[in-house]
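Each chain carries a letter (A, B and C) given by its place in the written order, and its residues are counted from 1.
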Amino acid sequence: MPAAILATELSKTYDVKVRDPGIKGALVALARPRYRPVRAVDSVTFAIERGDAVAFLGPNGAGKTTTLKMLTGLLFPSSGCAQVAGYDPWTGGNAFRQRIAFVLGNKQQLLWDLPPEETFRLNRAIYGVSAADYTARRAELVELLVLGDLVDKPARQLSLGERMKCELAAALLHQPEVLFLDEPTLGLDLEAQQTIRSFLGEYRQRHDATVLLTSHYMADVTALASRVLIINRGRLLYDGELSELVARIAPIKRIELVLSELVPRARLENYGRVAHFAPPSATIEVPRETATAASARLLADLAVADLSIQDPPIEEVIRIAFGEGAQDGEGNAEAEALVRADVRRAPP
Amino acid sequence: MTSIRRTATVLRAFWQLNWLEELQYRGNFIASLLGTVFWLLMAILTAALYFRHTSRLGGWEFWDVVVLLGIFNALAGVVEAVLRPGIGHLPADVRSGALDLVLVRPVDAQFYVSFRRLDVWRFADVVLGLALAGYAFVQTGRPIGAWELITFVVTFAVAIAVVYAIWVALMSLAFWFVAVENMAALFDALFEAARNPVSAYPGALRFLFVYLIPIAWTTTIPASALTGRLRPALALWALAVGIAAIGASRLLWRVALTRYTSAGG
Amino acid sequence: MTSGTTRSAVAVFRDQYAELMRSAFLIDLQYRASIAIWLIWGVTEPIISLGIWWSIAAAGAVDGFTREAFAQYFFGVALVNQATLSWDAWNIDRWIREGEMNYRLTRPIAPIHEAIADNVAYKGPTATIILSAWIIAAAFWPAVRIPFEPAHWALAIVAIVLAAAIRFLNGYATGLLAFWTTRATALVELQFGISLFLSGRIAPLSLLPPRVAEVAGYLWFPYVLSFPVQVLTGTITTTAQYVRGFAGQVIWLAIWLMLYLLVWSRGRRHYGAVGG
């Protein structure tokens, strides 16, 4: 069986307009625009089998969204090629679009002034879903996402989490083979995050759907994906099992402390690596298996006002795994922001 | 009055920030200036078209009408520079609840809401409009006297007061009809009628524009003043209308605000 | 995966339009108060023009136009204008700027169909309101009564639909320039300014200087307003005039359709290259 998603040497280069500051710079740019190529995605190769769930990780502006846009046919690659559900996304046309769904966490397609039910009806027609299929799928989605009577309230009256759940239902009525999710849980409350995670897991198993998602939340990744792709500055840095990655970064936990007395940094170093020290709070990294014991000792030895044990954030995981350079996505973030704002307006 | 003085101080600080912000959008300035010149040209051509088929429009000659068009453009500039970005935002503020944040401040709310934001580049429209009015006035060949100049300045100020009062009236409706988002479009539609001297309209429309929707006082009266056709009695009437407009806007604002606070926002 | 019954492409397409129009209509219903204001806005311009020409014609007919002829003409302008409005450029501009174009491009239906359904859902009811207002006005004011002959009205409807299609494609294709520039809507406004004269909005074309009227004849402007208004008010009489008018409409419809297809495919490609 061919892979559901196949990316081969996928690259995307944008020409970013370069402009000196000031009025003079603006005039010069107007008369003789200069461009600087920016590699947003650089020779990315991977394959995802049907039914797999893969998380796409990386700092802001690393090239995740650009890759998703190439895989959904919004952008065409500067070089390399992609195949999704057996189609070239750029030339696949409506037959391709019938087989995918693209959900953007920060952009909604629900009709703002109408109840989600109306968006469902519209999507049923747009994707040519038969009446029988529609009834069955709608019932299933309403049940799995616990939508209840949310579908009858105008979308503008729903909370962010409620809207996202309805958004997912609307995007899945045509039962896509491949599901692309860009930050599906961004900014949602914990309960909604939880519902969406368990829904996606259940849905994927029931329908053998392939899922590629990007997220900032480690919990999304651990709950949904066994495999992760890590991208930074447009380059694929890691492709493999999540557990392997955890092993590779030396499995650590972060103990976040708030102390009620002044304790010198040196004393904290007895318990683990002090990652962050700003009295009265401090963060100590310890091996995963000794986290509980270390916490107990901290509580016994010091005057602790507050203590919590955390997974390292994704940025931290990447930093630890790939060294300091990997964390610095800023140059790239700036480039992608520029690309979004400016390049489209550049003359062809 | 101290509250107004304090508001003025606050507003001055706002305008300084505003100015720095607007400097970022110099490109828009060129575009908006080109747009203004284009629409002025269309308006003059429209008048020229009328004058192909008549020698006088409601008793006005061609260049008199162009004087009026210049004044129309200057007033439209005031609307775009001050009223639309300021009080034009009131309905949105009522809907979003942002008005609450204004009401808790120790400032005069009406004054503050009306003048908090300026679209400074559009003041160029005022300059352009007055320049056109001046040029057209020279073309009329009329002599300029102190009386014409003084009554023009006074009636132009009255015109601004009337336009302001119309905006306050329309925007205050937002307190009652929260769902209506495009009240400004209603002004745009009505103000179109001010492109022609009010005497050029048939009786029923003339009555409407003088008494019910008082746009006659916005362009026709200042243009009459400049072209020496304003009778002293009417000049006094204009002054009265201007004062009444300011008073009415103040009163209306109070009533609307009572409605707002009693409805719990 | 999918059900056994496959529906014909035509049935799916009809279904898509029905639902697109339904949701557009339901949204319009939510904004009915705002729409009432847009309607007032739409009729003031022809009423103002009528007011001026009515006064000018006080001394007698202007180049053959009596007061009654002006009244009928500008009522026609108000109705045809409502049926042929074009606002899509502003939507396209916003969708591209705010990234809402993206999900529209991943659906198995070209965005233009959503726009067409939206236009039909809006213009049908609002043009009916203008027509009703006209009929009520005609009951009290004989000047605006126009002859009622079914065949002639049928031709007027065809002319209005063709005019709406031309102006829609004109506005949509111009709006798609937003793929390249932030000033696409300014180009739409520019055309609108020119159309004030060349389409007969502020005066019947025969009152323009002959040279200008001649230039207008080579462009699409007269076919989107002046011609349908003339058909409606019965001022077109000879078969030759009808043939010339409808032929002009069909030709300009074809031209703007081709321009739309060209701009759409080029624009889509440009968007695919540089993103949104």
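Here, contacts are C-beta pairs under 8 Å (C-beta built on N, C-alpha and C of every residue); 3 or more make two chains touch, one makes a residue touch a chain.
The structure displayed is predicted, hence computed values, not measured ones.
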Query raised in the report: Of the chains present, which has its C-alpha mean closest to the combined C-alpha mean?
Result: C
Report summary line: More Cb-Cb contact pairs, comparing B-C against A-C, go to A-C
Query raised in the report: Greatest Cα-centroid separation from chain B: which chain?
Result: A
Report task. Please work out the Cα centroid separation of chain A and chain B, and write it as a whole number of Å. Result -> 50
Report summary line: Cα centroid separation, chain B vs chain C, in Å, comes to 31
**Report entry** Computed distance of Cα centres, chain C from chain A, in Å
**Finding:** 43
Requested in this report: Any chance you could list the residues of chain C touching two or more other chains?
Outcome: 31
Query - Complex contacts: residues of chain B adjacent to chain C - result: 31, 35, 38-39, 42, 45-46, 49-50, 52-54, 57-58, 177, 179-183, 185-186, 188-190, 192-193, 195-196, 200-202, 205
Query raised in the report: Given the complex with chain A, which residues does chain C contribute to the contact?
Result: 1-3, 5, 7, 12, 15-16, 18-20, 22-23, 26-27, 30-31, 96, 98-100, 102-103, 105-109, 179-182, 270-276
Report task. Under the touch definition given earlier, write down the residues of chain A that touch chain C in their complex. Result -> 14-15, 66, 69, 72-76, 90, 94-95, 97-98, 100-102, 104, 107, 109, 111, 113-114, 118-119, 121-122, 124-128, 130, 132-133, 175, 177, 339-340, 343-348
Query raised in the report: Once bound in the complex, which stretches of chain C touch chain B?
Result: 31, 33-34, 37-38, 40-41, 44-45, 47-48, 51-52, 54-56, 62-63, 183, 186, 189-190, 193, 196-197, 202-203, 207-209
